[in-house]
Amino acid sequence: MTTENTTATAEQPESPEPPESKPSFARLFGRYLIEANSVMVTVYSLLLAFAIGAVLLIVSDEQVRSSYGYFFARPSDALGGSWNLIYSSYMDLFQGAILNFNTLERFQAGNADFGDLLRPLSETLTNATPLIFTGLAVGLAFRAGLFNIGAQGQMIFGMLGALVIGFSLNVPAIVHIPLAILAGAVAGGLFGAVPGVLKATTGAHEVISSIMLNNIAALFLVWALSTKFIHSETRSELVSKPVRDSAELPALLGWLNPSLRVNLAIVVGVAVAVGVWWLLTKSTFGYRIRAVGFNGPASATAGMSVGRTYATTMGAAGALAGLAGAALALGTGSGGVNTATVLEYGFDGITVALLGRANPAGIVVSALLFGALKAGALSAQPDVPVDISTLLQATIVLFIAAPALVKAILRLRTPRGGLVTLEAKGW
Amino acid sequence: MAVDTATAPALLDESAVARKPIHGWSLAVLGALMTVGALTQLGGREVLFRLDQTSPGAEWALPASFAVAVLGVLTALGGALMVYGIQRRFHKTVLAVAVTCFALGLLLWAMSPEGVVFRVEAILAGALFLSMPYIFGALSGVVCERSGVINIGIEGQFLMGAFSGVLVASISGNVYIGIVGAMLAGSLSTLLLALMATKYQVNQVVVGVILNLLALGLTGFMFDQLKKTPGYNVAASVPVLDFGPLAEIPIIGPTLFRQNLFVYVGLALVALVWFLLFRTRWGLRTRSVGEHPAAADAMGVNVNRLRFWNVTAAGLISGFGGAFFTIANSLAFTKNMTAGLGFVALAVMIVGRWNPLGVLAGALIFGFTTQVSRYLDTAGNSIVPGEFLQMLPYAVTIVVVAGLIGRAKAPAADGVPYNPGDK
Amino acid sequence: MQLELRGLTKKFGSFTADDDIDLTVEPGQIHAILGENGAGKSTLMNMLYGILRPTAGQILVDGEPVEFSGPGDAIAAGIGMVHQHFKLVGPFSVADNVQLGREHTRGAGVLSIRDAREAVREVSERYGLALDPDAIVENLPVGVQQRVEIVKALSGPKTELLILDEPTAVLTPAEITELLEIMRSLADSGTSILFISHKLKEVQSVADTVTVIRRGKVVAELPPTASTAEMASAMVGRAISLEVDKTAAEPGEPRLEIEGLTVVDDQGFKIVDGLDLTVHSGEIVGLAGVEGNGQTELARAVLGLMKPASGRVRLDGRDATHEPPAERIEQGLGYIPEDRARDGVITEFTVAENIILNQYRDRPYSKRGVVDAAAVRKRAVDSIAEFDIRTQSPTELVASLSGGNQQKVIIAREFSRPRRVLVAAQPTRGVDVGATEFIHSRLITERDTGTGVLLISSELDEIYALADRIAVIYNGKIVGEVDPDTPREVIGRLMVGADADAATEADHAENDGGDR
């Protein structure tokens, strides 16, 4: 299962365009917009998903729905109400993720400082940070033909690893932070390697084994939090000890306003993304990952060990997801983690990687987008259900996975070279 | 004629003596550990069996140390045989017996602490009840995969069914309409899968995972949205059918004749799907489409149309299974309440070798495991933390999928899209 | 039934697979269609059978124009097809395979096993094709599986025309003889037969009329009395010779020694069964045999992709039985896999990336785990020139190359590094004539530089053209090692594992069939 493959579908390219004398830029651009190329498919997937989200908002809202009961008597009620609902919901998301207009007014009036204005953006970046790591964890495995849906569990073990080093060691920050991060990567990596090793030795499908390991990890977290070693000494609820100050990741904008949570981890995330890009395109390990991902039998015939590639790639992917856990334990959760700290960042990694088409740059951009969605949804609840972020993400990648569907719905043209679609292979 | 004898490669001699040192040594060591543990740790303890539903007071006690030690010795003996070398044809039997002995030993050990009683009837009846989601999910998987489409989205169909079942039952005030709603919701999810798998030929595993996320997001979203107004998420239940005197037969009475409606539907469905698959025209065509679609196509079977409708229909079954979580348990919907059991159902399908009867056997084993772990968890006094007991079905799934207890062969064209233009 | 094609044309995008084909099959006639691989024969048959829709032209059955929107329509019109790759469901019984698509039911869609069994018996008795209706197809030998295909095709409501697409490709010489007899008797009983083949001798021996197609066009209509030379030149368009210039071999020390090798598949079958074979430096050993007798597994075991259950593989005198493939490749084992698309190239990789596929970790292509793009590119440019790979640039994806050029990429990969042993499995399969000649001459050069070459081929012509010694494999064993001047008949008999008794029978059959 390699990520992408250009398939010339049954639809043949339309008859060749008559030779024109240099079409104008506007024409070319216009044609680009109505073509199902990967950029436009992405754009339209987003739009379609938000449209579907809007419909769901309407049907699930008691008041607006009832106004459709007397639609013909007073259509303005239904239409106006729907519009208001959609506008206010999506505006809530926007204000929670990018810029809050209330704060802007207060800022202009001098009642808020610049830091307050940046808070939504800081939250977006904070939420994007674990998504970069888990997106890379899914994306890297994708390139080896592996579908790693175990990022959630790997992240949990990474979080526990970083947490334990974070509160148990007493060393200066310059040693402590790297060590704790490393512990997270190692713990996530070891846990992540399990499905890879199982696939290599027994052929067990990584999707099933990694989802089972997710469940096991979630239960393990509950148990671990209850042990004397990890459980908080001061609080009675299910929460861990805080990490020491020396292990805490410094906030990037703390000097501006202490409530801005975005921390060093996002810098690490972008650096790691660059590293993964380098690994995939320049290193022999990356060459092997891609070879095995595209064609396992041919790679084996050329002397590569497919099984070892599966195991090491899953280990590396687990380490990346483990970094997400470390970022949580040492960053936003440094005061003590609980079962809610991890949210669904691991599962979101799947959608991030699919939207980013398993490409590190694409993953960073997708992580920012979905981070914004998450930040918006978290701040807009309970007016807007928080799961709107999962819903929108899943809808978006459903369309991304099936460009032919987008093309059919919107009657787009086939681009030159065919549609880029997820390649279908059996297991 | 020379041709008849032409090419039949020699089969490995099944009566030849062969060794399986890795399996053998692991079993031998585990068995020995269990024996030593039983003799040193379990002295004086007893396992109490009780039939308190049909014959109150009927009770037997088994000396734990002795029983577990015997099972441990049997396990070790099986392992030793495999190390020493036995005829190839006996390998599976010996392995199965040894593993069963070990599992029974563990079970008795877990039941041995003071105050824990093995309530035979409650546990068996509960095991059958808890095997239902596995049966529904795995049967849905069987129908899809026999047609050549991987349905990894059972979990999502469960969620859709669980949510819609309660929702529709709450709105209509009729639990049976609710169940129909659950089935349709499950089918809606597989309809998308069918469309993606046949018309757009997208990777079915990827679509399945996305559909799970979509179901998680959709049900979570609607749950939050609808809880703003009461009356949409009201627990409903179906009756328990009691067959009167039959239900009073010790052990099998409460298990088979005093069960929730879902249990009878599930068992009937096993028989029905088996009959349809192996005794009807539809079944023959479905299996041919999953094994060798080009062959079916050449005989005029419309492969993608059959796959489309089969997968869509399979959603009715998994949607019904979704209703189990809410309606059969008389519960209201909560977010992600299916807790990964849809994936366990997939493992059950593999254990059952894509055959409804096998699915029944596999589901019963998993149901029993789940029931015992829950029982021990609530009975307290357990040596193992409850979280680890709850991990049991998931761990068993990994063991199954890894083929550590023998490998199964999937339908040959499972997951491979069919494009009539290709040859 | 009389079948007529008028101007039948099929285009795939800008590529024309079949161009304005006219032909007529008379009732009770065996009409052969002769053409090279890729000449458009299979496309033509798929149109006839409703699998593909013609771009233009007409199909007429008994003078009436028909349109098929699927195989069901063709079956209803009385056309049955025996596919080159059997369309049989392996785990099904013979009866279930035959009834698929037109099931015998007891109403309400419930199958009647008894009726299905009866129907198979009836057809197989009528045409003298012995079959057990309850046998599971995947357990049957290939020749019997084909009989199931024929019975299936004849079981249509009123099958009057049978299409046989390359039916002899997977059969032993004796099975071929038998099939040709069956075809003759079917035609005599009034069934029209369309017989697609690229094997001249079979066509000559059985056909009533021969239509030759080349590059999608009908180029000749010949009587069966036409000479093979005449047919061959019509088929390929120019005189070609499979003769390869070569000197006598000068075998040296043993390079590849296979001793008592046994390979077992996952169902417990011994696919390779105690096989012994030695290849010396400076010689080409041709491994002849009907496909599926263990050649694939033998090659994979030599490379190390399959673990032998017992026996030894020695490369260059050292015991390599437990070495991983990478180690064997490193030590000079070259390998041309039989399934190019599956094992040979990574089509999503560029030409350059494919050329270094088994050397990517070696200097100069990489240093300390980092790929040196410039060195890779330089190597690719050199190889493209040396091996005449037709590509726009080293960064072109292999997917866009023709089959022959993909094969040249593999040849370039294997032939530009030092090697001691070369295993070449079906090296010219699906490759055009020009590329075949090129690959053959490279294999000879390879031998002359002292490499030990094991050539595995199901084309006896290729074996004769190249081999210095011929080993025949049957049922996973070498059943004979002979000189290349051994007559075809003898090798043919060895290929079916004939002992003394069966050899006489085979000889007898050959004389009857007149397949000389």
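For reference, chains read A, B and C in written order, and residue numbers begin at 1 within each chain.
Quick note on the criterion: contacts are C-beta pairs under 8 Å (C-beta built on N, C-alpha and C of every residue); 3 or more make two chains touch, one makes a residue touch a chain.
From a predicted model like this one, the values you see are computed outputs, not experimental measurements.
A.B. asks: Between A-C and B-C, name the chain pair that shares the greater number of C-beta pairs in contact.
C.D. replies: Of A-C and B-C, more C-beta pairs in contact link B-C.
A.B. asks: Relative to the centroid of every protein C-alpha atom displayed, which chain's own C-alpha centroid is closest?
C.D. replies: B
A.B. asks: Specify the chain most distant from subunit B by Cα centroid.
C.D. replies: The chain farthest from subunit B, judged by C-alpha centres, is C.
A.B. asks: Just the number, please: Cα centre separation of subunit A and subunit B in whole Å.
C.D. replies: 31
A.B. asks: Taking each chain's centre as the mean of its CA atoms, how far is subunit A from subunit C in angstrom?
C.D. replies: 48
A.B. asks: Round to the nearest whole Å and give the separation of the Cα centres of subunit B and subunit C.
C.D. replies: Between these chains, centre-to-centre, one finds 43 Å.
A.B. asks: Which subunit A residues touch at least two other chains?
C.D. replies: none
A.B. asks: Which subunit B residues reach two or more other chains?
C.D. replies: Only 407, 421 qualify.
A.B. asks: Residues of subunit C touching 2+ other chains?
C.D. replies: none
A.B. asks: State the interface residues of subunit B toward subunit C in the complex, per the touch definition above.
C.D. replies: 1-12, 14, 279-285, 287-288, 291-292, 294-302, 407, 412, 420-421, 423
A.B. asks: Show which residues of subunit A lie in contact with subunit C when the two form their complex.
C.D. replies: 2, 5, 12-13, 282-285, 287-288, 290-291, 294-295, 297-305
A.B. asks: Subunit B touches which residues of subunit C in the complex?
C.D. replies: Of all residues in subunit C, those touching subunit B are 42, 46, 49, 51-52, 70-73, 75, 81, 83, 85-92, 96-97, 99-103, 105, 109-111, 139, 141-144, 152, 172, 174-175, 178, 264, 266, 268-271, 273, 290, 292-294, 475-476, 496-498, 502, 505-506, 509.
A.B. asks: For the complex, give me every residue of subunit C touching subunit A.
C.D. replies: Contacts found on subunit C: 12-13, 303, 305, 324-330, 335, 337, 342-349, 353, 357-358, 360-361, 366, 369-371.
A.B. asks: What does subunit B use to touch subunit A in their complex?
C.D. replies: Spelled out, the residues of subunit B in touch with subunit A are 150, 152, 192, 195-196, 199-207, 209-211, 213-214, 216-218, 220-226, 228-229, 335, 339-340, 343-344, 346-347, 385, 387-388, 390-391, 394-395, 397-398, 401-404, 407, 410, 413-417, 419, 421.
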